[in-house]
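I've put the structures underneath this note.
Two complexes, one shared chain (chain A), two partners (chain B, chain C).
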Partner chain A sequence: MASVTAPRRVDRSGSFDPGPIFFIGAVVVLAILVIVPIGWLLLISLQHVDTGGFTFGNYVEAFTKSIYLRPIVNSFMLATSVATLAALIGTPLAWLIARTDMPGRTGLRALITAAFVTPSFIGAEAWILLAAPNSGWINRTIASFTHADHGPLNIFSLGGAIFVMALYNVPYTFTFVAGGLELISVELEDASSTLGASAWRTMRSITLPLVMPAIVAGFIMSFLEALAEFGTPAFLLIPARTQVVTTQLYLFFQFPVRTELAAAYAMPLIGVTLGLLLLQRRILGRRKFTVVGGKGGKRRLVALGPWRWPLLAAALAVPLCSVILPYLALLATSLSRIWSQGPVPGNITFYWYHWALFENAPTRLAIFHSLWYGAAAATIATTIAFLIAYTANRKLFPGAQALGIVCMAPFVVPGIVLAIGIYAAYSHPPLLLYGTAAILIIAFTTRFLPIAYSNLNTMVAAINTDLENAARTLGATRLRALRTITAPLLRRGLLASWLLVFIPAIRELSSAIFLFTPRTATMTTQIFDFTDAGNYEAVATLAIIILAITLVIVSAAYRLLGRDFMEKTST
Partner chain B sequence: MARIDIAGLTKSYAGKNAARAVDAIDLAIADGEVMALVGPSGCGKTTTLQLLAGFLKPDAGTITVGDREVSSAKHVVPPERRRMSLIFQSYAVWPHMTVFDNVAYGLRVMKLSRSEVEDRTREVLRSVRMTDLAQRYPSELSGGQQQRVALARAVVVKPETLLLDEPLSNLDANLREEMRFEIRRIHEATGITMVYVTHDQTEAMVAADRIALMRAGKIAQVGTAHDIYEKPASAFVATFVGGTNTLPVTLVEPHIVEFGGARLRVRDDFAATARGPVTLCIRPHAIAIAEVNGDTAVGYRENGTNRIAGTVLRQTYLGDARDYLIDLGGTQIRVAAPPSVDRTVGSTIHLDVPVEACRIVPD
Partner chain C sequence: MTTRGTFVRSAAALGAGVAAGSPIASLATRKNQVTDADVSALYAAAKKEGKVVWWTGHYTQAAAEKIAGAFKAKYPGIEVELLRQTGQVLFQRLTQDLKSNVHQVDVFASTDEAHMTILKKQNTLAQFVPGDIDKIPKEYQHLDPEDTYQLGDIALMLINYNPKKLPAPRKWNDLLDPHMKDLISMGHPGFSGYVGNWVVAMNDKYGWDNYFKKLAQNNPKIGRSVFDCTTDIVSGERVVGPGADSLALERKAAGNSIAIAFPEDDTILVTAPVTVLKEAPHPNAARLLMNFYYTKEYSQTAASTFNLPLRLDVPSPTGVRIDRMRTYHVKIERLLGGIPEVTAKWRETFNV
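Moving on to the complex of A and B:
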């Protein structure tokens, strides 16, 4: 069957295809965003500050001096307490809402979502208004009854920080456990009941073990959040002179700046985060296996009988503390000329909104900056994540799948640590970006790139390649097929990714705090500065503006993209 | 214009195993010919099609279209510049575009004028009877309609070659008939070269001028349906196309084999000379259950038939035939007998097979 060899020419004709440039460009940008800062962090942690030579000295100093060791102990105490408390509250709450006939379940769910999208540092601000030792409203109310000098609560304490952070971490355990409970088939419980087990015994020996992986996963998530959180400890613990790792990192950046020490000090955070995330992934992976086949069947709700209303009251305590009281406190403060006088006639005013939005140039600019940096970061992160997800899924070159790991790498780097790396990488020539908008946009893009990537990766993988190949055979280049077929098919996924980056970016404090200058201040850094200055009316006003923007976007996204939209941020 | 020459084409997938998905195949497809690539799953036919379309780069060998070398280990002309349209098993009709936009896509890529795009799209939609559905979205169409859109979209750009990847396998039986006709009609109207991948030998026989039967990355036989059916090059070909019984026999002299002590006369299209084991192929419907009338001698008979003896293991009444499973001393064969021939299980019977229906093939 030998073919006849006709006179042939090798075809190299045709127009120039710019496709490879795009994909290579995306890889280069990815390297700039992720590898450079993390690499720099590692590098300077091992560099002698004066000579530039190799040394372990920074690590030795960071982990032997007792003033630096105390914050590490505090951080682990804080994180363990927060995660434990959040799991203890979130688990029964999930059971009440997912599996019982308690009234008001839909409303409670909405309130928990509101807590989910509320940054905990804003919660901390609100709780300063509510429970500062002398001026907090709850304290003053109690004091007016007991005729004491000051109220019993002190939010400026480790206990106060644990309380506030636990409140805003409840949604993690809640989401994981409620999701797990909804997957458990009622037959599994019925099987136990038919063997004569009491309801309590069934819960203990069947239901609880089945959702145990979800509880542990929620615990790990809260633990990591608490470990990496900067805002709440900064507002509640710095005044109490109690340092945790993140506030200590911040102090390393006060004069005299000790970048190399900060880099060494931050390394264990990355290690702990990576280890726990891998553990969580294994636990969740096994959970999927456990509940296989548990999807079918309508779930029967547990009848609470006379306990319905008392349990509702108990459940309401959680959103009361995390949403209702804080929002009211912030709203009242933002509407008061002087917050300590309270929302009474004569003190109520829209002055601070007028001030923030029109009168005061710095806040006006900060609002603009937050929106513009957020939008830029969301656009870049979505674009890069899409191109990389495409490159990795279609294996455009050997080893392309490894790019996915690079995209996900920032996930294990706490925001404050990432900011140190970015500061180290871009605060000197050749790339002198410190003080520019670019450095904040890079920080936000890098920090939230994993969210966009994990979201888009599954979506690109789900697209049948035939759809693109059909366009190719009809004369479209790879890039044109990407633009006219793949991207339009993924438009909801792209929009979702954009929003999933934009929402956290406009409320990002921990990385912004290291990288902003007065010319590039954002809403969050302004809140930080106003807190320092004790201007709580301005803090509350900006907080309400952030919350309003967030709630508008989240509710629009819910309508557009469905109920499980926000849950993607936690995976 | 679009003669396709495949020479020494080889492709293996990294990682999985070292086995070659396509192993040094040679195939010449004439201009205007419909060539079917047929074979069991995993035989390499789809890989061959992907190589033809330019989605894969060969490890070795070349593909030449006309006088243009489009694929080699060094250089692959990308799919968009090969002038080959592909019809996908999954239809691959774009769900976010109307029928009209789906079909017009290739014309717009070619940057034709708006009116020309409009005219040519309308014309091809009329030819596949989809004019009324031009503004529908694919989700509003049946499977058959979607496949017609895919067909219109592929041919409207006037490709040199049309590649079809299992185009009918997702359709139900009567739609399949209709689409087969549609594809044939387009071929007659355009004279386009087609390469048609299918695992269904009947479909290949209906649709194609010639069939290339593939197995384990190699081409087992190329020829017309008649050639392949009547002169199978191997037991695999005979089994895959039409189905056959295979008997291990020993060639004792030209055209004479020995089977279970009987000497049978056979046809030998490959002029086997070496004495020794060969395979005898006999199609089930070529075997008659004999009325012996006491004549139980087995072997070649003067009336041009071979007679063999066996035992009925099982028989099934199928309405238009009776399917027998017969044991020939360790080898089992199937016989498609007329429904009226009813022999009880366990009885010894004799079978007559004309010499022309007994073929030996190389082992």
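Moving on to the complex of A and C:
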């Protein structure tokens, strides 16, 4: 008997393709990550607080009370100003770096990347040290010259928040516009000047219109980022007594927790985000068409002549404010025993690093959590994104492309809103995940899945199917072909996707703040907790640790993957 | 489940031990009051649990770490997992946990007594009477008639100010003076229980419009914790504000320009409660830590970090005895509705 059945079983296992099961698994995970939280969010926004019955009451309450309407107005003011300012700074900066012979362009590019990976709430914390009206170092320095009571800057204001958030959004416009400028062929500009147009006119009627879509795309990205940002408004606008939508959502999560009201209040954020991203997609689609139309000729750098150095000085002002000054302020604070005494001899110490890395168990644990949640999220997101991108591209079953859309869906859900959905879905049975590492890993995975997916989707599409087909013809299962042919071909793409999820995950605050418990605290939630009661030394030390980890990883990735890998985050 | 089983068994054994005649000297006088023998049994069982999870709204991070250190010195072998946050934030996280049936906290020390009333109604608190409860001022020995929580900290809300920039304020109303414009820093009743106590007291003494609407015109900087006021004065960001005594005294001792003033129209006294959760994951260690609150070591450590000691036999950091101050105490019945009420008013007046 045994000798008869054995070969048969071998036969069957040879032809059995575990692929479908694998892909169904990916679909289930996708449902847990995306569909359930967003579905729950919708559901509870229509639920009565006590009875659980159907109601529009939450929407009525959220959008009729003036105390809830004011934050919405503030949020739109903030986001519009941030995006405008970032575009006004980022566009000329991109032109200077991409198209002129200004010195120091490589260094500037590196500094802009450093700004890109710096979470803006850390920037905000640093700017409190620099520009708090009375105690900020810049203000104190100015006041000591002018003999005034206090300095001229006030970071605790809407203007202060706009300034800080614009600084960290400049890289969006910069990346889009620099990318656009590098693709514009010089012939069009040459034709213009041959026909007698001045340099200024050429710029206005040729160059600017060509990169306009990129500027608008950058504007939209910054706008959405600013709308969804929680940390910076919490640090700078609560003391200024100005509420925005995200800080108001946080208040809904204070006792007594009003999840239903928060869900209703968050809905327009999804609508606005969806609308603007569709707009951006149309604009970017058009841009690609334009670029193909103009022949990809050689680029020539514009000679700035005597303006080279003054313009460099102006360009340097941006990273000075977004990277150099904040990093110095944080470093000095982290090395001070008591920050208010300033970096003077006798006050300089490594105590806080020793405290964070060895003495204080919760902090050490938080560092570990950030790294492991980030790594887990990056691994899961990359795996799912790869399987779905493959399924969708090879059209493995009818409607496979719809899965791609599901993968991209979290992109339209701001982190803070996603967290509310995840909390609503997983803080009770059957899947009680609140209080566990899983809920944070789910949040990070879901939030950054679109980045991994859009990155891998283009790469999978670019792979020729011949090799896979050859393997399949020779009898390999689909899974085996995937493992031995496709995945190795995509090695770099997979690594890039992993890093593109890992880097934002370790600096994530807006979802983590709703989902962590002290036992699952991360570096960012620790920073948030320590800002209370003015533990600035601890905050600065943790900030420096996050920045150091991020910069090390990013520079290693540059070496491995090339300069342009980071730029994919923005597409 | 096993840890709880262990606790129940050892408690039963204790009862038997006491009945069989433990040393007379350690026999408790009050019903359920812990005896020395109980403490050794708790310690033995707590060592097996290995740690205790302590969420506290009392003290600064540094002071709380010192107290945790004193506990570990007295009871080696038990780790203290400490979380210090503002009282309201802790309470919100705890209720969120309980709603989701997550049990991770052993000892919860809040700055708002009303929290305990709410938790008590949900039947989530364990009864416990620490051994040395009779060593603290008599009027605070029975904070809760059912003993589901006890006094954990006495804090004072008074005026913090920078003596180099301002003469000592004398009354709470001094903060309304137009000269105080842009000089004030304070915490938020939606975050800090101490601030909540103060806001209820001011509201009840002077009326909302008379006090807080005027205060708003002075453009105070509003943070979250009661300690934000002290931090802002030390950094030079602001000059004066309603704050606690402890951090101000600590920063003064470190050489900063800050002082406290006892207002003539009453220092606000806050009775901050502490409790053991019924579903505490480390029930023995939890009780051991709560019992530790009333030991001499605890009061001495508290005093060394400029907090008022609970015990009368340990001198206070200012030298002023608690019963010699002019204090105003918001009673629990008033706090219960009072803090949510003033927090809502606060959001309208201060827009935050």
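Here is the rule we go by: the second predicted complex is superposed on the first by the 549 of 571 C-alpha atoms of A that agree within 3 Å, B and C clash if a C-alpha of one lies under 4 Å from a C-alpha of the other, contacts with A are read in each partner's own complex, and residues count from 1 in each chain.
As a convention for this text, a contact is a pair of C-beta atoms (placed from the backbone, for glycine too) under 8 Å apart; a residue touches a chain by one contact, two chains touch by 3 or more.
Predicted model only: the values in this text are computed from it and were never measured.
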Partner chain in contact with A:N464 - chain B first, chain C second, else both or neither: first
Touched partner set for A:L489, first chain B, second chain C, both or neither: first
Touching partner for A:A317 - first (chain B), second (chain C), both, neither: neither
Touched partner set for A:I24, first chain B, second chain C, both or neither: neither
First, second, both or neither for A:T473, with chain B first and chain C second: first
Touching partner for A:L208 - first (chain B), second (chain C), both, neither: neither
Chain B/chain C common contact set on chain A: none
Contact footprint of chain A on chain B as seen in their complex: 3, 5-7, 26-28, 53-55, 64, 66-70, 72, 75, 77-82, 84-86, 88-90, 92, 94-96, 105-106, 109-110, 150, 153-154, 157, 159, 163, 219, 222
Interface residues, chain A side, partner chain C - complex: 67, 70, 132-135, 140, 156, 238-239, 241-243, 251, 253-257, 338-340, 360-362, 427-428, 432, 434-435, 517-519, 529-530, 532-535, 538
Interfacial residue positions of chain C with respect to chain A in the complex: 55, 60-61, 65, 79, 81-83, 85-86, 88-89, 91-93, 95-97, 99-102, 104, 188, 190-191, 221-225, 227-228, 230-232, 234-238, 247, 254, 256, 347-348, 350-352
Touch list for chain A against partner chain B, complex: 1-14, 17, 464, 466-467, 469-478, 480, 484-485, 488-489
